[in-house]
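The first chain written gets the first letter, and so on, giving A, B and C; residue counts start at 1 in each chain.
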C-alpha cells in the first residue's frame, strides 16, 4: 500500500505516483481516440439535416400513423416465408454444426493439430459475418429468393451453434464416457451412449435459442432480396408508403416477441 | 487367469505411477488392492483394460496379451472385463434399464443399440440382475433420480451383464456412507462367489477390505509392498504401505463388525 | 428380497422392453410429431428453388471461394480503407457512448436498487431497444438524419444500451446482498453505496460484457452501410454488385481478421480483470 510522505503528514493513496500517471495517460489516450472518432463522424454529417431532424421525424410519424391495416392481408405469405427461412436455416445449421463441434472439441477431435484448427476456422469465419452479408453473397451467386435466405441463415448459424456446442462437449463428465468405453463399445456407440445424452440439453437449448435469433434475422433478409417480410418492407420504403412501413414494423415486433416467448417456453420445458 | 508382468506406466509429466508390477490373479479370486493416494491403484486397474495406456509390460488374460491388441481386439477383450467406478459413472440422463443394457454394447451392433433393440435374452438378463440387486421397480427411472447406493448397484448390474470373467472395481465405496459401503462390498463379493468371478477391488478403506476379501495386495509408490491374506496385515505392514500412524484401531475394526463408523485414515484416492 | 418382487420379475421376463418416451401422453406425442412433419412438408413445398439458376451459380460460387486464395486489397484500397476506418470509428464512438448510457439505465432496471417508476421506465427502454433490430433502427435513423455515419453511430449506441443494460441489471439483481448492506450500514450516501457496495461486484462482468459488445458492434457496423448508415457495408455491397469477388473476399478477410483480433483482445482483458 503506497503511503506518500509529504513533510510531516503521511497520506494513504490507492496507487503510487507512477501508477497514477500511467492511468491518467491511458485515460487521456482513450478520450483522444473518442474525440477523434466523434470528429470523423461529425465531418461526414450534414448538420443541417440533423437540426432539421425533429421536424422530419414528426413528419414521418404523421404519415406513418395510422398503420394501413388492410395491407395485412398481403403479408400472410411473406410471414410464412420468414418463418420457413428461420426454421430450415436452423435445421440445416444444426445438421452441419454437430460434426463441426465434434471436430472442434478438444476431447473428441481426431487430430488436435490439423482438424481442430480447421473446424475452429469454419466456426470463426461463419460467425464473424452477418447473415445479411451472406445473403448478399448468395444472391449474387444463386439469385434472389427464399432459398438464398435459408442458406444465408444456415451458414451464419453454423459457427454460432458449433461454438456453443463444442464448449458443451468439452465440459462433459469423462468418467461416463470411460464407463461406456470399458464395456467394449465401439467409437460410435461411445458417442451415442456416453457423449450424446450428456450434451442433449445443451443441444436443445442452443437449437431453440438460435431459432429465436433467426426469426429476428430473417425478418430483415428481404432488404437485400433474400425473401421474407423484409421484401415488403423494402418495397414499401422505396415508394415511401409509410403507413405500410409502420404496419410491417409492428408485425416484425410482434413476431420477435412471440418467437422469444415460444423459445423461452420450450427451453423451460426441456430443462 | 489374469497375469500382469512388469507393467510400467510413466505419465507425460514424468511421474512413474507403476514400476514393473507383477501380479497373478487365479480364476474366482477376489483381491483387494490397498495403498495411499497416488500409489497407482487406479492406474493399475485402468492399465488392465487400457483406459490408461501402459508404457511397457504385459497383461495376459486367458492366453491373450492385452497391451498389443488393436482397436477391435481391445473391444472384444474389454467385454471380458466388467468395470465398476468410484463415482458410479452412470450415464445420468439415461434410464436405469438403458444403463444396464449399455453393458451389452460390445455384443450388439451400432444400429441395434442406437434404436434400443436389444435381444430378448439381454433384456431378460437385465431384469434378472436388477431384481437381484433389488432395483427392478426402478428400471424406467432416470439414473440421476437414484441415491448413491442405488446408482452403484446399477453400476454393478452394468458390469455383470457383460458376462465378464474379471471385475475391475475402482473405489466402489468412496462416495458412499459407511453402511451402504458395507452393503455394496457384500453385494460385490457375493455376486463374485455366485458366478465364480475374479475381481480386483481397489479400495482405500483397509478395514472394509479385510472384512470381505481373501487376499490383499498393498501398493506403495507404484510397487507391490504386500501380498497375502487379510489377517497378515499387521501394523508393521500398514506402516510400510502408508507410513507411520497408529494402526491398532483400524485393525480392531475387523472384530467389531457392528460398528458403523469407519475411520477415514486416508483421503479418497485419485 | 420379498416374494412380490420375484412375482414381478416373472411377469417381466420374456416381455419386450421399450425406452419410455420423452412425452408420456401418446396422443400429445403423435400430435407433436405429425404436426411438425406436416409443417416441414408444407414449408418445404412452398420454397421455390430455381435449380437451373442455382446450377449456373455454382460456377460463380466456386470462383468466389477461389478468390479467397487471391484477395485483391489493392485496386479498391481507397474505398476499403475509408469504409473500414468509418466502421471502426462508429464502433468506438457508439460503444463508448452506449456503455456510458447503459450504466445508469442498467442501475435503473435492477429491481433491488431502483424505485418502481424508474425501474419500469428503464425496463421499457431496454425492451424497446432489444425488440428493434439494428438494421431497422438504422433505416429509420437514416430517414430522419440523412445518410452517413451519424445514423450508424446512433443505431449502434441504441442497440448497446438494450444489450448491456439488461445484462448489467440481471447481474446487479443477482449480486451478494450482504456486501451492499455492509456498505449501507456504514452510513454511505446513495452514490457512495453504488460506488463501494455495488460497483466492485459487477465491474469485472461489466468490462467483459462491454468488450463482447464492442466485438458485436463492429460486426454490425459492417452491415449498416447496406442501408446508407456508413461503414464498410457500402463498399462490400458495391463489390458484390460489380461481381468483384476478389475485392469482396479481401473485405471479408479483413472483417474476420478484425473480429478475431477483437476476440483475442477481449479474452486478454477479461482474463486480467477477473
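By our rule, a contact is a pair of C-beta atoms (placed from the backbone, for glycine too) under 8 Å apart; a residue touches a chain by one contact, two chains touch by 3 or more.
Just so we're clear, the structure is a prediction, and the values are computed from it rather than from any experiment.
Any chain bridging subunit A and subunit B, meaning touching each of them, is among C; the list is complete. When chain centres are defined as mean Cα coordinates, B lies farthest from subunit A.
Each of B-C and A-C has its own count of C-beta contacts, and the greater count is at A-C.
With centres taken as mean Cα positions, subunit C sits 48 Å from subunit B. Chain geometry summary: the mean Cα position of subunit A and that of subunit C are 4 Å apart. Shared contact sites, meaning residues of subunit C that touch two or more other chains, are absent.
Contact of a single residue of subunit B with at least two other chains is seen at positions 98. The part of subunit C that touches subunit A in the complex is made up of residues 39-40, 43-44, 46-50, 53-54, 57-58, 60-61, 64, 85-86, 89-90, 92-93, 96, 131-133, 135-136, 139-140, 143-146, 148-150, 153, 219-220, 222-223, 226-227, 230, 233, 236-237, 240-241, 243, 248, 252, 255-256, 259-260, 263. If you check the complex, the residues on subunit B that touch subunit C are 95, 97-98, 116, 118, 120, 123-124, 126-128, 131, 134, 136-137, 139-140.
The residues of subunit B lying in touch with subunit A in their complex are 49, 51, 71, 75-79, 81-83, 85-87, 89-94, 98, 102-107, 110, 113-114, 155, 158, 162, 168.
By the touch rule above, subunit C contacts subunit B in their complex via residues 1, 5-6, 8-9, 12-20.
Across the complex, subunit A meets subunit B through its residues 173, 175-176, 178-189, 192-194, 197-198, 200-201.
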